[in-house]
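Same chain, two partners: chain A is paired with chain B first, then with chain C.
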Partner chain A sequence: MDLENQRRIKELAEKHGAENLVVVLGGAEAEAAGLAAETVTAGDPTYAGPLAGVQLGLGVYHIFELKDKVDEAVYEEQVSMMEMVLDVDAIIQEVSSIREQYSQFKD
Partner chain B sequence: MSDKKLRVVHYLNQFYGGIGGEDKADVPPSEREGVVGPGMALKAALGNNGEVVATVICGDSYFNENIDEASKAVIEMISKHNPDVVVAGPAFNAGRYGVACGAVAKAISDELGIPVVSGMYPENPGVDMYRKFAYVVETGNSAADMRKAIPQIAKLVVKLGRGEEMGTPAEEGYMERGVRKNVFHDERGSKRAVDMLVKKLAGEQFTTEYPMPVFDRVTPNPAVADVSKIKIALVTSGGIVPDKNPDRIESSSASKYGKYDISGVNDLTDDTFETAHGGYDPVYANLDADRVLPVDVLREMEQQGKIGELHRYYYATVGNGTSVANAAKFAKAIAAELVADGVQAVILTST
Partner chain C sequence: MLKGKKVAILGDRDGVPGLAIEECVKTAGAEVVFSTTECFV
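So, the complex of A and B:
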(Lines of atoms letter the chains of each structure in order from A and count residues from 1; the text may use other names and numbers.)
(Lines give C-alpha, C1' and ligand atoms only; values in the text may rest on other atoms or scores of the structure.)
Protein backbone atom coordinates (compact mmCIF):
# COMPACT_ATOMS: atom_id res chain seq x y z
CA MET A 1 0.00 0.00 0.00
CA ASP A 2 1.42 3.37 -0.92
CA LEU A 3 2.92 5.46 1.81
CA GLU A 4 0.47 8.32 1.55
CA ASN A 5 -2.52 6.01 2.07
CA GLN A 6 -0.79 4.38 5.02
CA ARG A 7 -0.29 7.78 6.58
CA ARG A 8 -3.95 8.73 6.00
CA ILE A 9 -5.24 5.52 7.53
CA LYS A 10 -2.95 5.88 10.51
CA GLU A 11 -4.18 9.42 11.10
CA LEU A 12 -7.82 8.45 10.72
CA ALA A 13 -7.36 5.61 13.22
CA GLU A 14 -5.76 8.00 15.70
CA LYS A 15 -8.51 10.56 15.22
CA HIS A 16 -11.57 8.33 15.30
CA GLY A 17 -10.28 5.23 17.11
CA ALA A 18 -9.43 1.94 15.43
CA GLU A 19 -12.73 0.42 16.58
CA ASN A 20 -14.66 3.04 14.59
CA LEU A 21 -12.92 2.48 11.30
CA VAL A 22 -13.50 -0.08 8.57
CA VAL A 23 -11.30 -0.30 5.50
CA VAL A 24 -12.95 -1.32 2.24
CA LEU A 25 -10.53 -2.53 -0.40
CA GLY A 26 -10.97 -2.56 -4.14
CA GLY A 27 -7.75 -4.36 -5.11
CA ALA A 28 -8.08 -6.23 -8.40
CA GLU A 29 -5.83 -9.09 -7.48
CA ALA A 30 -5.63 -11.41 -4.47
CA GLU A 31 -2.02 -10.82 -3.51
CA ALA A 32 -2.29 -7.02 -3.68
CA ALA A 33 -5.57 -7.01 -1.76
CA GLY A 34 -4.02 -9.34 0.82
CA LEU A 35 -1.00 -7.09 1.28
CA ALA A 36 -3.27 -4.07 1.74
CA ALA A 37 -5.38 -5.96 4.28
CA GLU A 38 -2.25 -7.03 6.13
CA THR A 39 -0.98 -3.45 6.17
CA VAL A 40 -4.06 -2.13 8.01
CA THR A 41 -4.21 -5.02 10.46
CA ALA A 42 -0.79 -6.52 11.28
CA GLY A 43 1.31 -3.62 9.93
CA ASP A 44 3.11 -2.86 6.66
CA PRO A 45 4.68 -6.18 5.57
CA THR A 46 7.27 -4.30 3.50
CA TYR A 47 8.33 -2.25 6.53
CA ALA A 48 8.63 0.84 4.38
CA GLY A 49 5.66 2.96 5.40
CA PRO A 50 4.13 4.71 8.39
CA LEU A 51 2.32 1.48 9.35
CA ALA A 52 5.55 -0.56 9.63
CA GLY A 53 5.38 -2.26 13.02
CA VAL A 54 1.99 -0.64 13.76
CA GLN A 55 -0.76 -3.20 14.38
CA LEU A 56 -3.98 -1.28 13.90
CA GLY A 57 -6.03 -4.48 13.71
CA LEU A 58 -8.70 -2.65 11.70
CA GLY A 59 -11.77 -4.28 10.29
CA VAL A 60 -11.02 -4.83 6.62
CA TYR A 61 -13.16 -6.14 3.78
CA HIS A 62 -13.00 -6.33 0.04
CA ILE A 63 -15.95 -4.69 -1.68
CA PHE A 64 -16.85 -8.11 -3.13
CA GLU A 65 -17.55 -9.29 0.42
CA LEU A 66 -20.00 -6.45 1.01
CA LYS A 67 -22.29 -7.05 -1.94
CA ASP A 68 -25.33 -7.60 0.33
CA LYS A 69 -24.70 -4.38 2.22
CA VAL A 70 -24.46 -2.07 -0.76
CA ASP A 71 -27.30 -0.50 -2.71
CA GLU A 72 -27.93 -2.88 -5.55
CA ALA A 73 -28.01 -0.22 -8.24
CA VAL A 74 -24.74 1.33 -7.06
CA TYR A 75 -23.04 -2.05 -6.88
CA GLU A 76 -24.32 -2.88 -10.31
CA GLU A 77 -22.97 0.35 -11.73
CA GLN A 78 -19.63 0.50 -9.94
CA VAL A 79 -18.55 -3.07 -9.25
CA SER A 80 -20.46 -5.68 -11.23
CA MET A 81 -18.35 -5.27 -14.34
CA MET A 82 -15.13 -6.04 -12.46
CA GLU A 83 -16.83 -8.83 -10.57
CA MET A 84 -17.23 -10.63 -13.88
CA VAL A 85 -13.57 -10.44 -14.89
CA LEU A 86 -11.68 -10.82 -11.61
CA ASP A 87 -10.95 -13.90 -9.54
CA VAL A 88 -13.49 -13.08 -6.84
CA ASP A 89 -13.05 -16.27 -4.84
CA ALA A 90 -9.29 -15.91 -4.57
CA ILE A 91 -9.58 -12.28 -3.51
CA ILE A 92 -12.20 -13.00 -0.86
CA GLN A 93 -10.26 -16.00 0.41
CA GLU A 94 -7.08 -13.94 0.79
CA VAL A 95 -8.66 -10.90 2.43
CA SER A 96 -10.85 -12.91 4.80
CA SER A 97 -7.93 -15.08 5.85
CA ILE A 98 -5.87 -11.99 6.74
CA ARG A 99 -8.87 -10.56 8.60
CA GLU A 100 -9.34 -13.76 10.61
CA GLN A 101 -5.70 -13.72 11.64
CA TYR A 102 -5.09 -10.08 12.44
CA SER A 103 -8.24 -7.99 12.64
CA GLN A 104 -9.42 -7.13 16.14
CA PHE A 105 -12.78 -5.83 14.98
CA LYS A 106 -14.52 -8.44 12.91
CA ASP A 107 -18.15 -7.39 12.91
CA MET B 1 32.10 -19.13 19.46
CA SER B 2 30.72 -16.98 22.22
CA ASP B 3 27.02 -16.45 22.66
CA LYS B 4 27.17 -12.72 23.26
CA LYS B 5 24.58 -10.57 21.56
CA LEU B 6 25.88 -9.71 18.10
CA ARG B 7 26.12 -6.06 17.14
CA VAL B 8 24.46 -5.40 13.78
CA VAL B 9 24.40 -2.16 11.77
CA HIS B 10 21.73 -1.90 9.09
CA TYR B 11 22.07 0.02 5.80
CA LEU B 12 18.87 1.26 4.12
CA ASN B 13 17.92 3.58 1.28
CA GLN B 14 15.75 6.68 1.70
CA PHE B 15 12.56 4.77 0.96
CA TYR B 16 12.92 2.03 3.57
CA GLY B 17 14.56 4.57 5.87
CA GLY B 18 11.25 6.42 5.98
CA ILE B 19 12.60 9.62 4.45
CA GLY B 20 10.64 9.43 1.21
CA GLY B 21 10.36 8.10 -2.31
CA GLU B 22 12.11 9.04 -5.53
CA ASP B 23 11.85 12.76 -4.72
CA LYS B 24 14.11 12.19 -1.71
CA ALA B 25 16.59 9.91 -3.47
CA ASP B 26 19.24 12.63 -3.34
CA VAL B 27 19.58 12.74 0.46
CA PRO B 28 23.14 12.26 1.74
CA PRO B 29 24.01 9.58 4.34
CA SER B 30 22.63 9.93 7.85
CA GLU B 31 22.41 7.64 10.85
CA ARG B 32 19.87 6.71 13.50
CA GLU B 33 20.18 4.86 16.77
CA GLY B 34 18.53 1.43 16.73
CA VAL B 35 16.11 0.14 14.13
CA VAL B 36 14.25 1.82 11.27
CA GLY B 37 11.65 0.26 8.91
CA PRO B 38 12.69 -3.29 7.93
CA GLY B 39 15.05 -3.20 10.91
CA MET B 40 11.98 -3.90 13.04
CA ALA B 41 11.55 -7.23 11.29
CA LEU B 42 15.29 -7.90 11.49
CA LYS B 43 15.28 -7.20 15.20
CA ALA B 44 12.41 -9.62 15.73
CA ALA B 45 14.12 -12.31 13.64
CA LEU B 46 17.43 -11.94 15.47
CA GLY B 47 15.76 -12.23 18.88
CA ASN B 48 18.35 -12.68 21.62
CA ASN B 49 21.09 -13.47 19.14
CA GLY B 50 21.74 -9.94 18.09
CA GLU B 51 20.86 -6.31 18.33
CA VAL B 52 20.53 -3.72 15.57
CA VAL B 53 22.57 -0.96 17.20
CA ALA B 54 22.30 1.62 14.44
CA THR B 55 20.84 2.26 11.00
CA VAL B 56 22.60 4.18 8.24
CA ILE B 57 20.39 5.67 5.52
CA CYS B 58 21.40 7.13 2.17
CA GLY B 59 19.41 8.22 -0.89
CA ASP B 60 19.85 5.89 -3.89
CA SER B 61 20.61 8.67 -6.36
CA TYR B 62 22.98 10.37 -3.99
CA PHE B 63 24.87 7.13 -3.42
CA ASN B 64 25.10 6.18 -7.09
CA GLU B 65 26.11 9.66 -8.22
CA ASN B 66 28.73 10.14 -5.48
CA ILE B 67 29.78 6.55 -5.01
CA ASP B 68 33.26 7.20 -3.56
CA GLU B 69 32.30 9.95 -1.15
CA ALA B 70 29.07 8.23 -0.15
CA SER B 71 30.86 4.90 0.51
CA LYS B 72 33.40 6.70 2.64
CA ALA B 73 30.78 8.52 4.70
CA VAL B 74 28.68 5.38 5.13
CA ILE B 75 31.71 3.33 6.21
CA GLU B 76 32.64 5.93 8.81
CA MET B 77 29.14 5.90 10.25
CA ILE B 78 29.02 2.11 10.29
CA SER B 79 32.51 1.47 11.66
CA LYS B 80 32.14 3.59 14.77
CA HIS B 81 29.45 1.24 16.05
CA ASN B 82 31.86 -1.72 15.96
CA PRO B 83 29.42 -4.11 14.31
CA ASP B 84 30.02 -7.86 14.15
CA VAL B 85 27.93 -8.05 10.99
CA VAL B 86 26.45 -5.45 8.61
CA VAL B 87 23.11 -5.96 6.89
CA ALA B 88 22.42 -4.00 3.68
CA GLY B 89 18.91 -4.00 2.29
CA PRO B 90 17.21 -6.24 1.26
CA ALA B 91 16.94 -4.43 -2.08
CA PHE B 92 14.71 -6.90 -3.98
CA ASN B 93 14.71 -5.78 -7.63
CA ALA B 94 15.53 -2.10 -6.98
CA GLY B 95 18.60 -1.59 -9.18
CA ARG B 96 20.21 1.49 -7.68
CA TYR B 97 19.48 0.28 -4.14
CA GLY B 98 21.06 -3.09 -5.00
CA VAL B 99 24.13 -1.38 -6.40
CA ALA B 100 24.38 0.80 -3.28
CA CYS B 101 24.06 -2.24 -0.99
CA GLY B 102 26.75 -3.99 -3.03
CA ALA B 103 29.10 -1.02 -2.96
CA VAL B 104 28.64 -0.74 0.82
CA ALA B 105 29.42 -4.45 1.11
CA LYS B 106 32.57 -4.06 -0.97
CA ALA B 107 33.80 -1.08 1.04
CA ILE B 108 33.03 -2.82 4.35
CA SER B 109 34.78 -6.02 3.40
CA ASP B 110 37.77 -4.20 1.85
CA GLU B 111 38.31 -1.77 4.67
CA LEU B 112 36.86 -3.30 7.80
CA GLY B 113 36.82 -7.02 7.03
CA ILE B 114 33.36 -7.34 8.55
CA PRO B 115 30.90 -9.77 6.93
CA VAL B 116 27.91 -8.28 5.10
CA VAL B 117 24.54 -9.90 4.42
CA SER B 118 22.08 -8.57 1.88
CA GLY B 119 19.05 -9.77 -0.04
CA MET B 120 18.27 -9.22 -3.72
CA TYR B 121 16.30 -10.55 -6.65
CA PRO B 122 18.70 -12.53 -8.89
CA GLU B 123 18.37 -10.02 -11.74
CA ASN B 124 19.26 -7.02 -9.61
CA PRO B 125 22.46 -5.58 -11.17
CA GLY B 126 23.91 -5.35 -7.65
CA VAL B 127 24.15 -9.16 -7.59
CA ASP B 128 26.48 -9.48 -10.56
CA MET B 129 28.53 -6.44 -9.62
CA TYR B 130 29.13 -7.22 -5.96
CA ARG B 131 28.28 -10.86 -5.24
CA LYS B 132 31.84 -11.53 -4.09
CA PHE B 133 31.59 -9.08 -1.25
CA ALA B 134 28.40 -10.13 0.49
CA TYR B 135 26.21 -13.08 1.30
CA VAL B 136 23.21 -12.14 -0.81
CA VAL B 137 20.03 -14.02 0.04
CA GLU B 138 17.84 -14.66 -2.99
CA THR B 139 14.54 -12.76 -2.66
CA GLY B 140 11.44 -12.20 -4.74
CA ASN B 141 11.30 -9.12 -6.94
CA SER B 142 9.28 -6.88 -4.64
CA ALA B 143 9.03 -5.87 -1.00
CA ALA B 144 6.08 -8.22 -0.65
CA ASP B 145 8.79 -10.84 -0.07
CA MET B 146 10.16 -9.03 3.01
CA ARG B 147 8.52 -11.51 5.36
CA LYS B 148 10.44 -14.42 3.85
CA ALA B 149 13.69 -12.56 3.19
CA ILE B 150 14.35 -11.20 6.68
CA PRO B 151 14.48 -14.54 8.58
CA GLN B 152 16.92 -15.87 5.95
CA ILE B 153 19.10 -12.81 6.37
CA ALA B 154 18.96 -13.09 10.16
CA LYS B 155 20.02 -16.74 9.99
CA LEU B 156 23.13 -15.86 7.98
CA VAL B 157 23.89 -12.90 10.28
CA VAL B 158 23.99 -15.20 13.29
CA LYS B 159 26.14 -17.79 11.50
CA LEU B 160 28.65 -15.22 10.28
CA GLY B 161 28.66 -13.27 13.54
CA ARG B 162 29.34 -16.39 15.56
CA GLY B 163 32.02 -17.53 13.14
CA GLU B 164 30.18 -20.76 12.42
CA GLU B 165 31.08 -22.62 9.29
CA MET B 166 29.12 -21.41 6.27
CA GLY B 167 27.64 -24.06 4.04
CA THR B 168 27.27 -23.96 0.29
CA PRO B 169 24.94 -21.47 -1.40
CA ALA B 170 22.36 -24.22 -1.96
CA GLU B 171 22.44 -25.29 1.70
CA GLU B 172 22.26 -21.78 3.15
CA GLY B 173 20.09 -19.98 0.60
CA TYR B 174 22.50 -17.28 -0.57
CA MET B 175 23.61 -16.60 -4.14
CA GLU B 176 26.90 -17.99 -5.40
CA ARG B 177 29.81 -15.71 -4.63
CA GLY B 178 32.34 -17.26 -6.99
CA VAL B 179 34.32 -18.65 -4.06
CA ARG B 180 35.98 -22.05 -4.41
CA LYS B 181 36.83 -24.07 -1.38
CA ASN B 182 38.86 -27.29 -1.21
CA VAL B 183 37.08 -30.15 0.47
CA PHE B 184 37.82 -33.84 0.88
CA HIS B 185 35.30 -36.07 -0.79
CA ASP B 186 34.67 -39.71 0.01
CA GLU B 187 34.99 -40.70 -3.62
CA ARG B 188 37.65 -39.78 -6.12
CA GLY B 189 36.92 -37.38 -8.99
CA SER B 190 36.99 -39.92 -11.81
CA LYS B 191 34.36 -42.05 -10.12
CA ARG B 192 32.12 -39.07 -9.43
CA ALA B 193 32.46 -37.94 -13.05
CA VAL B 194 31.55 -41.39 -14.39
CA ASP B 195 28.61 -41.60 -11.97
CA MET B 196 27.32 -38.27 -13.30
CA LEU B 197 27.78 -39.40 -16.87
CA VAL B 198 25.84 -42.60 -16.22
CA LYS B 199 23.02 -40.60 -14.64
CA LYS B 200 23.02 -38.20 -17.55
CA LEU B 201 22.84 -41.02 -20.08
CA ALA B 202 20.00 -42.59 -18.12
CA GLY B 203 18.14 -39.27 -18.14
CA GLU B 204 18.34 -38.99 -14.33
CA GLN B 205 18.86 -35.84 -12.26
CA PHE B 206 22.41 -35.01 -11.24
CA THR B 207 24.16 -31.96 -9.86
CA THR B 208 27.30 -30.78 -11.57
CA GLU B 209 30.29 -29.86 -9.41
CA TYR B 210 31.34 -27.17 -11.85
CA PRO B 211 28.42 -25.19 -13.20
CA MET B 212 29.16 -23.34 -16.41
CA PRO B 213 28.34 -19.64 -16.56
CA VAL B 214 25.32 -18.90 -18.71
CA PHE B 215 26.16 -16.62 -21.62
CA ASP B 216 23.47 -15.26 -23.85
CA ARG B 217 25.06 -15.92 -27.23
CA VAL B 218 23.58 -14.12 -30.18
CA THR B 219 24.37 -15.67 -33.53
CA PRO B 220 25.32 -12.92 -35.98
CA ASN B 221 23.19 -12.56 -39.07
CA PRO B 222 24.83 -13.25 -42.44
CA ALA B 223 26.81 -10.33 -43.84
CA VAL B 224 25.01 -7.73 -45.95
CA ALA B 225 26.14 -8.21 -49.56
CA ASP B 226 26.08 -4.57 -50.63
CA VAL B 227 25.83 -1.84 -47.98
CA SER B 228 25.71 0.88 -50.64
CA LYS B 229 22.07 -0.01 -51.29
CA ILE B 230 20.63 -0.27 -47.79
CA LYS B 231 19.29 1.82 -44.95
CA ILE B 232 21.46 1.66 -41.84
CA ALA B 233 20.39 2.69 -38.34
CA LEU B 234 22.44 3.68 -35.31
CA VAL B 235 21.58 2.26 -31.88
CA THR B 236 23.71 2.89 -28.81
CA SER B 237 23.93 1.90 -25.16
CA GLY B 238 26.39 4.75 -24.68
CA GLY B 239 23.72 7.21 -23.57
CA ILE B 240 24.00 9.78 -26.38
CA VAL B 241 20.95 12.02 -26.11
CA PRO B 242 19.93 15.48 -27.36
CA ASP B 243 21.05 18.34 -25.15
CA LYS B 244 19.52 18.25 -21.62
CA ASN B 245 18.43 14.63 -21.96
CA PRO B 246 14.76 15.37 -22.79
CA ASP B 247 13.50 11.88 -21.89
CA ARG B 248 15.43 11.83 -18.62
CA ILE B 249 17.10 8.50 -19.37
CA GLU B 250 18.70 7.38 -16.12
CA SER B 251 22.49 7.52 -15.78
CA SER B 252 22.47 3.92 -14.55
CA SER B 253 20.00 1.02 -14.51
CA ALA B 254 18.06 2.64 -17.34
CA SER B 255 14.35 1.91 -17.35
CA LYS B 256 13.81 3.29 -20.88
CA TYR B 257 15.33 4.22 -24.19
CA GLY B 258 14.95 7.27 -26.42
CA LYS B 259 14.24 7.66 -30.14
CA TYR B 260 15.67 10.79 -31.72
CA ASP B 261 15.36 12.40 -35.12
CA ILE B 262 18.69 13.17 -36.79
CA SER B 263 17.39 14.20 -40.20
CA GLY B 264 19.53 17.11 -41.36
CA VAL B 265 22.12 16.53 -38.62
CA ASN B 266 25.58 16.02 -40.07
CA ASP B 267 27.65 16.37 -36.95
CA LEU B 268 26.88 15.99 -33.23
CA THR B 269 28.28 19.03 -31.44
CA ASP B 270 28.68 19.87 -27.78
CA ASP B 271 25.76 22.32 -28.06
CA THR B 272 23.32 19.79 -29.40
CA PHE B 273 24.14 16.37 -27.98
CA GLU B 274 25.56 14.90 -24.77
CA THR B 275 25.75 11.62 -22.91
CA ALA B 276 23.42 10.58 -20.11
CA HIS B 277 25.66 7.64 -19.20
CA GLY B 278 26.93 7.58 -15.61
CA GLY B 279 29.41 4.75 -16.00
CA TYR B 280 32.28 6.40 -17.87
CA ASP B 281 34.05 9.76 -17.92
CA PRO B 282 31.59 11.80 -20.00
CA VAL B 283 34.00 14.63 -20.94
CA TYR B 284 35.00 13.34 -24.37
CA ALA B 285 31.52 12.17 -25.30
CA ASN B 286 30.06 15.54 -24.30
CA LEU B 287 32.67 17.42 -26.34
CA ASP B 288 31.93 15.37 -29.44
CA ALA B 289 29.15 12.80 -29.22
CA ASP B 290 30.17 11.39 -32.63
CA ARG B 291 32.84 9.54 -30.67
CA VAL B 292 30.11 7.26 -29.32
CA LEU B 293 27.47 7.66 -32.05
CA PRO B 294 29.33 8.20 -35.36
CA VAL B 295 26.76 10.29 -37.23
CA ASP B 296 29.47 12.43 -38.87
CA VAL B 297 31.26 9.50 -40.48
CA LEU B 298 28.04 7.86 -41.63
CA ARG B 299 26.88 11.12 -43.23
CA GLU B 300 30.15 11.25 -45.18
CA MET B 301 29.72 7.66 -46.27
CA GLU B 302 26.13 8.43 -47.23
CA GLN B 303 27.29 11.36 -49.43
CA GLN B 304 30.02 9.25 -50.99
CA GLY B 305 27.49 6.53 -51.77
CA LYS B 306 29.26 3.98 -49.59
CA ILE B 307 26.07 3.33 -47.67
CA GLY B 308 22.57 3.69 -49.06
CA GLU B 309 21.05 5.82 -46.33
CA LEU B 310 21.37 6.65 -42.63
CA HIS B 311 18.03 6.00 -40.92
CA ARG B 312 16.20 9.13 -39.82
CA TYR B 313 16.04 8.07 -36.16
CA TYR B 314 18.61 6.72 -33.79
CA TYR B 315 17.84 4.90 -30.54
CA ALA B 316 19.76 5.34 -27.31
CA THR B 317 19.78 3.97 -23.81
CA VAL B 318 22.31 3.74 -20.99
CA GLY B 319 23.94 0.35 -20.59
CA ASN B 320 25.39 1.13 -17.16
CA GLY B 321 23.99 -1.39 -14.68
CA THR B 322 20.94 -1.98 -16.88
CA SER B 323 19.60 -5.49 -16.38
CA VAL B 324 19.91 -7.95 -19.22
CA ALA B 325 16.16 -8.47 -19.06
CA ASN B 326 15.48 -4.74 -19.55
CA ALA B 327 18.04 -4.46 -22.33
CA ALA B 328 16.45 -7.40 -24.15
CA LYS B 329 13.03 -5.79 -23.73
CA PHE B 330 14.27 -2.49 -25.23
CA ALA B 331 15.94 -4.35 -28.09
CA LYS B 332 12.74 -6.19 -28.99
CA ALA B 333 10.76 -2.96 -29.20
CA ILE B 334 13.49 -1.12 -31.11
CA ALA B 335 14.04 -3.98 -33.55
CA ALA B 336 10.32 -4.17 -34.36
CA GLU B 337 10.28 -0.45 -35.27
CA LEU B 338 13.48 -0.70 -37.29
CA VAL B 339 12.14 -3.60 -39.31
CA ALA B 340 8.87 -1.73 -39.87
CA ASP B 341 10.86 1.28 -41.07
CA GLY B 342 12.73 -0.81 -43.62
CA VAL B 343 16.12 -0.68 -41.91
CA GLN B 344 18.33 -3.53 -43.10
CA ALA B 345 21.36 -3.19 -40.86
CA VAL B 346 22.16 -1.68 -37.48
CA ILE B 347 25.42 -0.35 -36.13
CA LEU B 348 25.37 -0.90 -32.39
CA THR B 349 27.83 1.20 -30.45
CA SER B 350 28.80 0.78 -26.84
CA THR B 351 31.39 2.43 -24.62
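So, the complex of A and C:
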Protein backbone atom coordinates (compact mmCIF):
# COMPACT_ATOMS: atom_id res chain seq x y z
CA MET A 1 0.00 0.00 0.00
CA ASP A 2 1.16 3.48 -0.96
CA LEU A 3 3.30 5.03 1.80
CA GLU A 4 1.50 8.37 1.66
CA ASN A 5 -1.85 6.60 2.08
CA GLN A 6 -0.47 4.69 5.05
CA ARG A 7 0.49 7.99 6.65
CA ARG A 8 -2.98 9.45 6.05
CA ILE A 9 -4.77 6.41 7.47
CA LYS A 10 -2.55 6.47 10.56
CA GLU A 11 -3.29 10.17 11.10
CA LEU A 12 -7.03 9.67 10.63
CA ALA A 13 -7.10 6.79 13.11
CA GLU A 14 -5.32 8.97 15.66
CA LYS A 15 -7.61 11.94 15.00
CA HIS A 16 -10.99 10.20 14.93
CA GLY A 17 -10.22 7.08 16.99
CA ALA A 18 -9.70 3.65 15.45
CA GLU A 19 -13.16 2.56 16.61
CA ASN A 20 -14.80 5.30 14.53
CA LEU A 21 -12.84 4.83 11.31
CA VAL A 22 -13.75 2.30 8.64
CA VAL A 23 -11.64 1.66 5.55
CA VAL A 24 -13.41 0.77 2.32
CA LEU A 25 -11.41 -0.78 -0.51
CA GLY A 26 -12.01 -0.90 -4.23
CA GLY A 27 -9.11 -3.16 -5.22
CA ALA A 28 -9.34 -5.09 -8.46
CA GLU A 29 -7.47 -8.16 -7.25
CA ALA A 30 -7.90 -10.30 -4.17
CA GLU A 31 -4.22 -10.29 -3.29
CA ALA A 32 -3.79 -6.51 -3.49
CA ALA A 33 -7.04 -5.90 -1.59
CA GLY A 34 -5.92 -8.39 1.04
CA LEU A 35 -2.57 -6.64 1.44
CA ALA A 36 -4.29 -3.29 1.90
CA ALA A 37 -6.67 -4.85 4.45
CA GLU A 38 -3.74 -6.39 6.31
CA THR A 39 -1.88 -3.07 6.33
CA VAL A 40 -4.73 -1.19 8.07
CA THR A 41 -5.37 -3.95 10.60
CA ALA A 42 -2.17 -5.86 11.45
CA GLY A 43 0.36 -3.36 10.08
CA ASP A 44 2.41 -3.03 6.89
CA PRO A 45 3.54 -6.58 5.98
CA THR A 46 6.40 -5.16 3.91
CA TYR A 47 7.69 -3.12 6.87
CA ALA A 48 8.31 -0.20 4.50
CA GLY A 49 5.75 2.40 5.54
CA PRO A 50 4.42 4.36 8.51
CA LEU A 51 2.13 1.44 9.47
CA ALA A 52 5.00 -1.04 9.87
CA GLY A 53 4.51 -2.63 13.28
CA VAL A 54 1.38 -0.54 13.89
CA GLN A 55 -1.69 -2.68 14.54
CA LEU A 56 -4.58 -0.29 14.01
CA GLY A 57 -7.13 -3.12 13.89
CA LEU A 58 -9.48 -0.97 11.80
CA GLY A 59 -12.75 -2.19 10.41
CA VAL A 60 -12.06 -2.85 6.72
CA TYR A 61 -14.38 -3.91 3.92
CA HIS A 62 -14.30 -4.18 0.16
CA ILE A 63 -17.11 -2.22 -1.46
CA PHE A 64 -18.42 -5.52 -2.87
CA GLU A 65 -19.17 -6.62 0.71
CA LEU A 66 -21.31 -3.53 1.32
CA LYS A 67 -23.77 -4.07 -1.51
CA ASP A 68 -26.67 -4.62 0.91
CA LYS A 69 -25.69 -1.65 3.09
CA VAL A 70 -25.82 1.10 0.47
CA ASP A 71 -28.47 2.50 -1.84
CA GLU A 72 -29.29 -0.10 -4.45
CA ALA A 73 -29.62 2.32 -7.38
CA VAL A 74 -26.35 4.10 -6.58
CA TYR A 75 -24.50 0.79 -6.23
CA GLU A 76 -25.94 -0.36 -9.51
CA GLU A 77 -24.81 2.81 -11.24
CA GLN A 78 -21.35 3.08 -9.66
CA VAL A 79 -20.14 -0.45 -8.94
CA SER A 80 -22.15 -3.18 -10.64
CA MET A 81 -20.20 -3.04 -13.89
CA MET A 82 -16.96 -3.90 -12.10
CA GLU A 83 -18.75 -6.73 -10.31
CA MET A 84 -19.18 -8.40 -13.67
CA VAL A 85 -15.50 -8.31 -14.63
CA LEU A 86 -13.71 -8.91 -11.32
CA ASP A 87 -13.48 -12.06 -9.21
CA VAL A 88 -15.93 -10.92 -6.53
CA ASP A 89 -15.90 -14.16 -4.53
CA ALA A 90 -12.11 -14.29 -4.26
CA ILE A 91 -11.89 -10.62 -3.27
CA ILE A 92 -14.58 -10.95 -0.60
CA GLN A 93 -13.03 -14.13 0.77
CA GLU A 94 -9.59 -12.55 1.05
CA VAL A 95 -10.70 -9.28 2.66
CA SER A 96 -13.17 -10.92 5.06
CA SER A 97 -10.54 -13.45 6.11
CA ILE A 98 -8.07 -10.69 6.99
CA ARG A 99 -10.81 -8.79 8.82
CA GLU A 100 -11.77 -11.83 10.89
CA GLN A 101 -8.15 -12.36 11.89
CA TYR A 102 -6.99 -8.85 12.62
CA SER A 103 -9.78 -6.30 12.85
CA GLN A 104 -10.72 -5.24 16.36
CA PHE A 105 -13.78 -3.32 15.22
CA LYS A 106 -16.06 -5.48 13.14
CA ASP A 107 -19.83 -5.41 13.27
CA MET B 1 -22.52 -0.60 10.10
CA LEU B 2 -21.50 2.58 8.25
CA LYS B 3 -23.96 5.03 9.75
CA GLY B 4 -22.16 7.75 11.69
CA LYS B 5 -18.72 6.31 10.89
CA LYS B 6 -15.79 8.13 9.37
CA VAL B 7 -14.74 6.37 6.20
CA ALA B 8 -11.36 6.29 4.46
CA ILE B 9 -11.58 5.07 0.88
CA LEU B 10 -8.80 3.35 -1.02
CA GLY B 11 -10.16 2.99 -4.53
CA ASP B 12 -8.40 1.33 -7.42
CA ARG B 13 -8.14 2.66 -10.94
CA ASP B 14 -8.46 -0.88 -12.31
CA GLY B 15 -11.15 -1.84 -9.84
CA VAL B 16 -13.67 0.45 -8.20
CA PRO B 17 -12.47 4.10 -8.14
CA GLY B 18 -12.61 6.21 -5.00
CA LEU B 19 -15.34 8.49 -6.31
CA ALA B 20 -17.68 5.58 -7.05
CA ILE B 21 -17.18 4.21 -3.52
CA GLU B 22 -17.80 7.69 -2.08
CA GLU B 23 -21.18 7.92 -3.76
CA CYS B 24 -22.13 4.53 -2.34
CA VAL B 25 -21.04 4.91 1.28
CA LYS B 26 -22.63 8.35 1.58
CA THR B 27 -26.02 6.72 1.02
CA ALA B 28 -25.38 4.57 4.10
CA GLY B 29 -24.86 7.61 6.34
CA ALA B 30 -21.08 7.51 6.47
CA GLU B 31 -18.86 10.58 6.48
CA VAL B 32 -16.02 10.37 3.96
CA VAL B 33 -12.84 11.76 5.55
CA PHE B 34 -10.36 10.53 2.94
CA SER B 35 -10.68 9.20 -0.56
CA THR B 36 -8.08 8.24 -3.10
CA THR B 37 -7.76 6.09 -6.17
CA GLU B 38 -4.61 4.02 -6.26
CA CYS B 39 -2.89 2.92 -9.42
CA PHE B 40 -0.92 -0.31 -9.17
CA VAL B 41 0.61 -0.13 -12.64
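Throughout what follows, the second predicted complex is superposed on the first by the 107 of 107 C-alpha atoms of A that agree within 3 Å, B and C clash if a C-alpha of one lies under 4 Å from a C-alpha of the other, contacts with A are read in each partner's own complex, and residues count from 1 in each chain.
Here, a residue touches a chain if its C-beta (ideal position, glycine included) is under 8 Å from a C-beta of that chain, and two chains touch if they have at least 3 such contacts.
All values derive from a computational prediction rather than experimental measurement.
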Quick check for you: in the superposed arrangement, does A:Ala90 touch first (chain B), second (chain C), both or neither? neither
First (chain B), second (chain C), both or neither: which does A:Val23 touch? second
Among the partners chain B and chain C, which is in contact with a greater number of residues of chain A? C
Would you mind writing out the residues of chain A in touch with chain B in their complex? 3, 31, 35, 45-48, 50, 52-53
So in the complex, which bits of chain C are touching chain A? 1-2, 5-12, 14-18, 20-21, 23-25, 27-28, 30, 33-34, 36-38, 40
Which chain A residues qualify as touching chain C in the complex? 1-2, 5, 8-9, 12, 16, 20-29, 32-33, 36, 59, 63-64, 66, 69-71, 74-75, 77-79, 82, 86, 107
Contact set on chain B toward chain A in their complex: 15-16, 18, 21, 37-41, 142-144, 146-147
